[in-house]
Amino acid sequence: MLKLENVASYYGESLAIDQINLEVKEGNFHGIIGKNGMGKSTLLKTIMGLMDKTDGSINLAGKDISKLKTNDRAIEGLGYVPQGRGIMPQFTIEENMVVGTFARQKNNMESVNEDFEFTLKLFPILKKFWKRRGGDLSGGQQQQLAIARALLTKPKILILDEPTEGIQPNVVEEIENVLIKLNKEFNLTIIIVEQNVQFIKKAANNFSVLERGRIIEGGISSKITSDLVQKYLTI
Amino acid sequence: MMKTNIFKNIFFLYGIFCFLLFLLPLLVDDPFYLNKSSTYICFGLLAVSLSLSWGYTGILNLGNAVFFGLGSYCMAMSLKLKTDAVHTGSGGLPDFMVWNNVTELPWFWEPFYSLSFGIFAGIAVPVILAVILGYFIFGGRASGVYVAIITLAAMIVVYLLIMDQQAYTGGFNGITDLSTLKFGKLEFDAYGASAYNLIVSVMTLVLFLTLIITKSRAGLIFQAIRDDENRVRFLGYNVGVYKTASLCISAGIGGVAGMLYTIVMEFASPTFLSVPLSLSVVIWCAVGGRQSIFGSFIGALIITSGQGLLSESETFLHTWTLIMGLIFILSVLFLPKGLAGIFSRKKK
Amino acid sequence: MEFFVSQFISSLSITSILLMIALGLAIIYGTTGVINMAHGEFVMIGAYTSWFLQTKLGIGLIASIIPIFIITALMGFLIERLIIRHLYNRLLDTILATWGIGVILQQFIRLTVGSELKYLEIPSYMAGSMSLFGQQVSIYRVFIFLFAIAIFILAWFIIFKTKFGMKLRAVTQNKDIASCFGVNSGAVYSATFAFGTGIAALAGAFIAPLKSISPDMGTNYIIDAFMVVVLGGVESLIGTAASSFIIGSTSSFIASFSNDTLAKALVLVIIILILRIKPEGLFTRKIRS
Amino acid sequence: MQNKENNLIQLNSVEVNFDGFKAVNEFNFGVSAGELRCLIGPNGAGKTTVLDIICGKTKSSKGNIIFNGEDITNKEEFIISRKGVGRKFQIPSVFKELTVKENLYVALNSSLSFFNNIIKFFNPLDQKKIDEIAEFVGLKDDLDKQAQFLSHGQTQWLEIALVVLKDPSLILMDEPTAGMTNYETSQTVELFNKLKESHTLIVVEHDMGFVKEISDIVSVMHEGKLLAEGKTKEIENNEKVKEAYLGNKGITNA
């Protein structure tokens, strides 16, 4: 579904990530782990086209999107849940979700209401505060709104950047279950950057470890052992 | 500023430049052209004043012409009161006051009988306005955009007050028919070499003074404030004081330039502190290179002399200004350091 | 009582003119953060276009609304594409670049149409005056008031009730996130700039008959527009309307016992004082830095 | 927690409220003189905000801050700086267009008032001090280079030099090793151990390896509050800390 071939990207002139080769097959759940500041978010931003400069090719469902601008890439089928959630503070929950529909392709416009119902069933809390402003929501509520919004673009692949960071444990549980359900029951391809290695081990099919801007380890999720964690994550 | 050999040759370069300007009257004796050249030099000084506050300290002062205008009015008031009886109507009152049936000289005109007070006021009044502006802008830590808007608005307030108080300021047509400047036996005829030499000598003095200021520690701190104001604040400097000081020095230079301009133009008018002039000064600095005093001075000379030469024909003048507008935009987009940036000494 | 009514009417008239001028600027500044110092020149372009259409092609004021808007909007679109687009990460420089554009537009008009003053008569059917709450008021000024309200409601409707408006507000809040959801931020910025300049031109066309038209007429509008936007704060159109009213009524009140020039000066001083205490304007919520 | 009195810096139930959102909440925190304290915690825990309120960049809405026995709550930045508080920022803030030498000279200059700086020039005697500090941070041969042309690591060190030149008694460092290579990080460790001798330091950091090398005591922040505090070893095995921050929830025994 998503294929990166020796991709590198830059903040201004300084190299951020380099020689990235990564493939996420359709229906797969791929976890990106690694210490802070190693380029995990940079990798997702590169896929979205938010970096100053990017080399190498990025391929989505057989189509090369590396030349497209961010907004065209989104329309090709990227559902993005940014770090810090990126909720529009002055928009209500409803308006934030409508923003999600901007990237839908023409052919699946009729199923919009159906998708609205579906996402509201996944995250009932959103229905409760329908008219509340994004800026007045708690971290957990914003996170669920961010995921719902990304789902509404009917993406080919859902891209999540640390969705459980700084959120109280019970909501984390809920989000993790929703992601597993979306992947297992609805065959939604997911790529996720996550600090919580336990969740990746449980939910992901395979994973990659990022160190100083390069993928240095990867494979099927059962390969995540305590010494691997010890070596790359805690030190 | 650190290396002694560069130190010397910057001064040397300035010295040669000023010397060359002194030679002009020998090559050219057409009084009209000499008078025109004096005005270009005054504009050069005005550009230097903006270069110090904007180029060196990062204060985008869109109302820089207000200091220039205040300086010119102070000089005009002194010279007006020097004119012989014929012009001043009964009891030495300026003509425009008589027409506006003002009975006796307002209190704030009194001290201007003395020329030296006029000159002192020509610097003091702009500096006082700069201190007030400094309190307003830098006290409240307004951002770059607000500084630009507030300085522009402040100039317009002064402009409107001068236009409105016709009885005391001559309103729209300003203060005209001034006597020529006389210092003891010395007389400075606006169209003669005497006024020109006065202008160039004052310019030389101011140019060197400004150069010294930029080479002083305070000059270095000005540039540090331009680059990263917060870092300077966290090194213990009271940034508000430094910015106000930079604005005051710039005001003083602007006032001097305004006084010289009135001596040469023989009148003072609200257009000396108007938006179009203020805008032109910004253009001279941007094109010439605001971060270099010399660059801004040269930028002003080139553009104003160009306008002067082409002023006979309407179309040439407008095309020239149009081209200047284009060069201004290009320099904002691609050449933030202006012409001076091309051969500045700081390399990779 | 008599005094208050005439006072209120004259302040409404000034408010409507201020609102029309400031609206275009507020929309551009609010969305893109660009400080368009050429805004006055676009008002001037609107006035000259209306004069051209009226005297050369005999098209009436009302009929020329659409053409004026389109011509100037196209001009704004071109300028945004060629120049402004490169400066979105250097907002302070947009002040300089747009001022340069103002100079060019002024000189362009001087070279083509010439610098002598032009006059636009008020259309005959609006020339008279009518009585309103027992006051004789010029029909044209009432028309301007209604037209200003109409433009305001149109702008409000587009921004708050259409899909484009929602995209525009999304881009205002977070440009990157908006593009991550398929919104072409670049196109939104260009459209906003064109829309803002178009409204400025309409303001010019309708204010022109009240005053003369000259290449440098824009200069005195730019400061008024800025004061309205800066005082009103950029978060909401309502803020712009409210601050137009505040400035409109204050200046008409001061003008009633002194004159216009002094009124303008005092209003500027008041605004500078207010900005010292509340730099982000009167109508914005304190947002987390 | 040591007794509060002889702490160089003491924050008492401090709160920072951004329009309803409490970035720092009922925060008590004290560091004694000569100590190097590391402040760690997940993103958005309020670490940087704590540094901001100590040095005066952000105003605290409740509580007070005592530095060297004096109340510096919400004072102006330059006043706090003059009392001996130095601050290094997350995004390095140096004077881009000035040369390294000019950068250092702005910091080295002891007389702060405008009036005596306007009449003073570069004093050749200061050249020695500049060479010394340039040596200390490894920028000896870049003195005439404009700061904008330095590498990311060099810019971080230049900023550290600017702070150290003021010889503050308390130095606040915000993620000094962010974006540094391994070699540069190890250099920074050496640098910090030298600084420890004569300064008190509070370092906000993510790189646990770096924290281990330099820190005596570690404080862990979570959602604006102090979650735990103690020796580096204790913190590592503290359950609450693991769950909130290290995130491997006892993975070690999986």
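List of remarks:
Order of writing sets the chain letters: A, B, C and D. Residues in each chain are counted from 1.
Basically, contacts are C-beta pairs under 8 Å (C-beta built on N, C-alpha and C of every residue); 3 or more make two chains touch, one makes a residue touch a chain.
Predicted model only: the values in this text are computed from it and were never measured.
Each chain's centre was taken as the mean of its CA atoms, and the one lying most distant from chain D is C. Of all chains present, the one whose mean CA position sits nearest the global mean of protein CA atoms is C. One simple way to say how far apart two chains are is to compare their mean CA positions; for chain C and chain D this gives 48 Å. Each chain gets one centre point, the mean of its Cα atoms, and the points for chain B and chain D are 44 Å apart.
Work out the mean CA point of chain A and of chain B, and you get 58 Å between them.
Rounded to a whole number, the gap between the C-alpha centres of chain B and chain C is 32 angstrom. Contacts with at least two other chains are made by residues 287 of chain C.
Interface of chain D with chain A (complex): residues 20, 42-45, 152, 178-179, 181-182, 206-209, 212, 223, 236, 243, 246-249, 251-254. Against chain C, the residues of chain A that register as touching in their complex are 48, 50, 69-72, 74-75, 78, 80, 82, 86, 88-91, 95, 98-100, 102-104, 149, 153. Residues 55, 57, 77-78, 81-82, 86-87, 89, 93-99, 101-103, 105-107, 109, 111-114, 117-122, 145-146, 149, 159, 162, 166 of chain D are the ones that touch chain B when the two sit in their complex. The part of chain C that touches chain B in the complex is made up of residues 35, 83, 86-87, 91-93, 95-97, 99-101, 103-104, 107-108, 110-111, 115, 216, 219, 223, 226-227, 230, 259, 261-262, 264-265, 268-269, 271-272, 275-277, 279. Across the interface of their complex, chain C is touched by residues 60, 62, 136, 139-140, 142-146, 148-150, 152-154, 156-157, 160-161, 163-164, 275-276, 279, 282-283, 286, 314-315, 318-319, 321-322, 324-326, 328-329, 332-333, 336 of chain B.
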